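Below are two complexes that have chain A in common, paired first with chain B and then with chain C.
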Partner chain A sequence: MMASIKLQFEIPAKMKTWSLALIGVGLVALLTGLFTKGFSSDEHEQVQFWGTLMYNTIFWTLVCNAAMFFICVTTLAMGGWQQSFRRIPEAISAMVPIFGSITFIVLVYVVVSDKHHIYHWLDHDAVAADPILKGKAGFLNAKFFLIWTTLAIGLWSLLGWRMRQISREADEAPMDAEKGASFIWRNTVRASLFLAWFGLTVGSTIPWLWMMSIDAHWYSTMYSWYTFASSFVSGMSLIALWVIYMKNKGYLELTGQEHLHDIGKFMFAFSIFWTYLWFSQYMLIWYANIPEETVYFKHRVQGPYKGIFFLNLIINFVCPILILMKRSAKRNYTLVTFMAVLIIFGHWIDFYQMVMGSLSKEHVSLGWLDFGILSLFVGLMIYFTGRSLASKPLVPKYHPFMKESIIHQV
Partner chain B sequence: MAKKKFVVGCFNDEAVLFPAVKKVRTSGYKIQDVYTPFPVHGLDHALGMRETSLHTAGFIYGITGTTTALSCISWIFTKDWPLNIGGKPNFALPAWIPITFELTVLFAAVGMVLTFCYLCQLAPFVKKHHFHARATDDLFVMVIECTDKTNTEELTAFLSANGAVETDVQFVEEGWWIGRYDKDEMPFENKQIAAA
Partner chain C sequence: MHLKYESQLREPLVDGDKDYHQVTEDIVRPIEAKPTRLWYIGFYIAAALLLFGVYSVYREVTYGIGQWNLNKTVGWGWDITNFVWWVGIGHAGTLISAILLLFRQGWRTGVNRAAEAMTIFAVMCAGQFPIFHMGRVWMAFFVLPYPNTRGPLWVNFNSPLLWDVFAISTYFTVSLLFWYSGLLPDFATVRDRAFTKLRKRLYGIASFGWTGSTKHWQRHESLSLVLAGLSTPLVLSVHTIVSFDFATSVIPGWHTTIFPPYFVAGAVFSGFAMVQTLMIIVRKVFQMDDYITLGHIEAMNKVIVLTGSIVGVAYLTELFMGWYSQNKYEGYTFWYSRAYLFSPYGWSYWGMMACNVISPQIFWFRKMRRNLFVTFFMSIIVNIGMWFERFVIIVTSLYRDYLPSSWSVYYSPTIWEIGFYAGTFGLFFVCFFLFAKYFPVIAIAEIKYVLKTSGENYKSKVGHIEEQPLEAFVHEHAHHH
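Right after this comes the complex of A and B.
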């Protein structure tokens, strides 16, 4: 059986053309935005341009990083079912160094060029006169921001790369019990290292630093979990899309409806988890009704972002719970594709309102620049994920848990 | 309540059980059930059982809970006994969501447990006949329902040929009854009937 399966992914010409076209459209939008807004003397235009870059690049970095989170979590849980398609999350997570570099450049530029209209805490005079910001200065300062951002992106890339490296051993030769046990143990150690760092960054500090600190006074301890849930459910949707694409192209013969069902469960469950965090954050602030806290929701629920705010809830909660609840829906390739696209779009909109909702409170600017930059990132994601898929066999055929994946039944 | 005749075949390995189930079914016998010491993956498919509707029932119980909570709370707080709580509007939807959620879960959980007990005929004092005591320990017990035309000798021979380590014919109460195993003579008569 192993001899007959297709291990080598040939990048289809169509995929290459489309991804390059998307990148092209994105580059045009990026350059147009840079010259009309980025270098504009109007602060609002500048903030709009850099803000748009920020939420797109942060979103895609975290989504691709979520793919590595998925591999590490299933490794620690001794999961076997994901082995038949594990090269897909691996390939997606190979985007972390690329998107991470873009995020790094954008954030470093924003901080170093002192864009205090984005990060209010960069303004030294304002901090000196503000007891709240002074109290946060140990965390919200340029030096800590730069060091922690460098460490975060660097270690995500490094620890993720080490996970992908060890996975190559499963391509080489059959493992006996002793070798297999040592392989699993070394996988476990590397996955634990990644997850510990993931918890210290994505699970807590990084969303506070990168996005929550835009509202320098406001804080929510729920914010990082919320961001994590958003990026993880989008990451699972992205994995689902790639799995279905590869199945359509005739690859991944060992992956089927049973695996799709479990990926669908992740999409369903973490949509509900996201809603739980969304609601907990909202309700506590609504109930206490303290002006320092409600300032975050004021213009989102009652101002210009009202439409996007509730659209966000409909796409990311109402649609998944109603459409993905049935067993047959999670086993249906068309429905899962539709829901995956919808969920990724929904959480992109979520990131949009998280960042832009704080940067331009008076009016919603969702337009050509946002979709242009989105196209750039989607194009890059398709192009590079396709390339890294082609660089390795599609199935880790000598992985000790491979059989478990082949006979997986939900 | 009616007594029926069953042919019972016992297997001590699921690898033997699966092909036997397939053969018995293709030969046209009606398998009443297979009693196993632990859940056996895929046995329900091999037996050709339909997908359970328990989750559909659960969904209905859940939305019943949601509607009960929302209609009850909104009636109380807007019509029956409006209170000013912290200056919030009387129709304070966000504050009600946790309770709505709890009632949804409660209705779904309790409803599904009760439905499950009903479907499996489980309740306090309710008794059912055990075809083989070792089904709770290490034996896979296949029970085949007999019709007037069933040739029991042929069937037991067929089961033995397909790997059954133990076979017998039992004439037993098929449904449940309320009583005690020790006072009720029904379950303990069977062996004699089979032998007769």
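Right after this comes the complex of A and C.
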């Protein structure tokens, strides 16, 4: 078999060209959007531009952060099977500081420039006249928003970076039992810190603050867990895409169908999990039929978003359950690639309707700007994840559980 | 080519120098010996509790629901609290056997049998409460939807209470099948060692004539996988639907969208606590330390701190939304009836917080996770806390209605309500004592399945692989990939 294991990833010229082309297209869209809409005097145009930036950047930040969530969860669960490809989610998670910065800039701009057509609670007069918004002002105010956003993005980046740093120790030299145990232990401590912070941000406050507060009156306790499920299943799909890409380029010899099968199980299971949370939130609101709550779904189910509403369910539930159910599907590179792209697209649509569905209730604006900005983010993701992959060995050779990952039969 | 390699850094799942025969000896021994005095004492106490429960239920059936202290607004009290509590406990077994099977957690083999048994008994106990809460229990069969002569009197398919009937009966059936099909090869083992004709006959019938042929094993394995696949959604569905009993309403404190996943997390939390309580006793009484190792206890404590924290995030989310919604009724329920310590039931909310969220955090520390006394104590604390949770949800949302004129007097149970609850403890432990006496409390066949990859003596023989350089390891072991 192989004499040695390929550790160094050489970025293919094609990948570079493609990612730069996508970024180019994205930049054109961004600038065109900025001048025609962003600086427009029409507030609808402004809202469309900033809203589009918001849902894209929030989506991609959370998806890349989900890759670090995957590393930390498998670390705490003492997983062995993921070691052979763990550098992929690590590289994806290295996008968090980059996308996080973009998110930070966009959100800070929206809040500081008082874009109250996006966040209604920024409008001081409206808040003063509205006892409900006045009551919420302790949470929905610019100062808290900025502090909490800074902390969230900063600590995801820092704690994730620390996880990636410690992982490098597995490149250096073989570990004996004592060193291995201490390595696992330190990994565990760092992973639990990340997860605790993750629970306080992604699992609760951040989706309320960034997205739910667009509908400043509306609330749902499920909202953040739902958002998490959406980003996590997309994160698993992104990992799958990169694993398959690297395999096709002749890397990751120690990762195979068996690992892909398990990643496919995650994509399948968490698609169902997302549906479970979707159903629970929707059904409970529908059943109780309280106007303060149903207002959120009213125009989504019966208004202009009807098509997107059902498309969301078809892509993110019907397709995964029918296509990924079979064992052979999860072991088929082509099918998993197709499903991964579909799932990421589906949840991007989900984020679209979560944000734009609240900002622009009258009509669906999905068009060149959305796909242009998407292209910018996909290009950035490919370019920087590729660079990150090339910057360190592809396999943590001396990880104590590396051998478990090699003999992995599902 | 190996099918599995296990790092030496992982603790063995089976301690000591065991071979297949020794495993059988260790696990079947308690079944073949006469019960100890301790067993008899425990059994009689449980039976006495059960009898008290039977009498309490007799009072309720004969004289009516008035035997309980339920009143105009507190229409659900201890009864439904106990129902949800027992159903929640009944989640660990199937989680261990199904979801942990899918996650390939080898340590489940040490505890799955007893956990599944516990699940079945807990669901049996849970079922008593809604049935007897009906008052006219002889009409209980009305919940079954079938063409009948009662005219328009049919079940209401829109009611989550009816969904409960379907969810729980399905869950019970599948759990029972899962548990029993796993028992077949083990019963056959007990049969083959039988020293009396009667034992041979009874265990022979119980094992459905298992011969241990390859065909039998093959069918057995595929059946397990199919049942695991079926049970996985069931683990989630049961407590989800129990949460719908509350969340579909418009009662403040009940109608909240996070209820389904938060109930499931809480159920797993309480289920594992009960497994810990029972397993620590079983390992002590039957000397099963080699099979239920500290590693097993630690793994379960990790599940407890995880699910406890998830539940904690959910409690805080609800409390936050009680304020954030600026809905006066939600705010009153969460911030006065629950979180205000000096409100009539404030003690129960803080009891719940202390038991479920604050105290389990000690399991972040490895020393605590591996301490048997702490584990046993905490398992009881968590079970108390989870009882409080259901009591908090039910009673604090009900005792003050929208109109102050219909606020109820302070609700506390009568002796017959308490007796009914005590009776289910009796039922649970009578069943568990009988199980421990006549059934292998650890899955013999499954322990044998992990013995050669994760047994202490076998692992020590392959220590040299750990030192092998990666390239050589790949060359030697992964040839056929």
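Here are a few things to note about the model shown:
Here is the rule we go by: the second predicted complex is superposed on the first by the 407 of 410 C-alpha atoms of A that agree within 3 Å, B and C clash if a C-alpha of one lies under 4 Å from a C-alpha of the other, contacts with A are read in each partner's own complex, and residues count from 1 in each chain.
By our rule, contacts are C-beta pairs under 8 Å (C-beta built on N, C-alpha and C of every residue); 3 or more make two chains touch, one makes a residue touch a chain.
Small disclaimer: the values here were computed from a predicted structure and weren't measured.
Superimposing the complexes on chain A yields a three-chain arrangement in which chain B and chain C clash.
When both complexes are overlaid on chain A, the residue A:287 reaches chain B and chain C alike. In the superposition on chain A, A:184 makes contact with chain C only, while chain B stays out of contact range. Ranked by how many residues of chain A each touches, chain B and chain C are led by C.
Contact with neither chain B nor chain C is seen for A:255 once the two complexes are overlaid on the shared chain.
In the superposition on chain A, A:80 makes contact with chain C only, not with chain B. Within the superposed three-chain model, A:401 lies in touch with chain C and out of touch with chain B [touch as defined at top]. Once the two complexes are laid over each other on the shared chain, residue contacts for A:409 go to chain B and to chain C alike.
Of the candidate stretches 4-12, 40-48, 76-84 or 202-210 in chain C, only 202-210 runs into chain B once the two complexes are overlaid on chain A. Counting contacts as defined above, chain A residues 283, 287, 409 meet chain B in one complex and chain C in the other. Considering their complex, residues 1-5, 76-78, 80, 131-132, 135-136, 139, 174, 177, 180-181, 184, 192, 199-200, 203-204, 208, 219-225, 254, 256, 265, 272, 276-277, 280-281, 283-285, 287-288, 290, 292, 397-398, 400-404, 406-407, 409 of chain A touch chain C.
Interface residues of chain A, counted against chain B in their complex, comprise 279, 282-283, 286-287, 289, 325, 327, 409.
The touching residues of chain B, counted against chain A in their complex, run 41-42, 55, 59, 86-88, 94-95, 97-98.
Note for the complex: chain C touches chain A at residues 1-10, 102-103, 233, 236, 240, 244, 247-250, 255-261, 302, 309-310, 313-314, 316-318, 320-321, 323-327, 364, 465-467, 469-471, 473-475, 477-479, 481.
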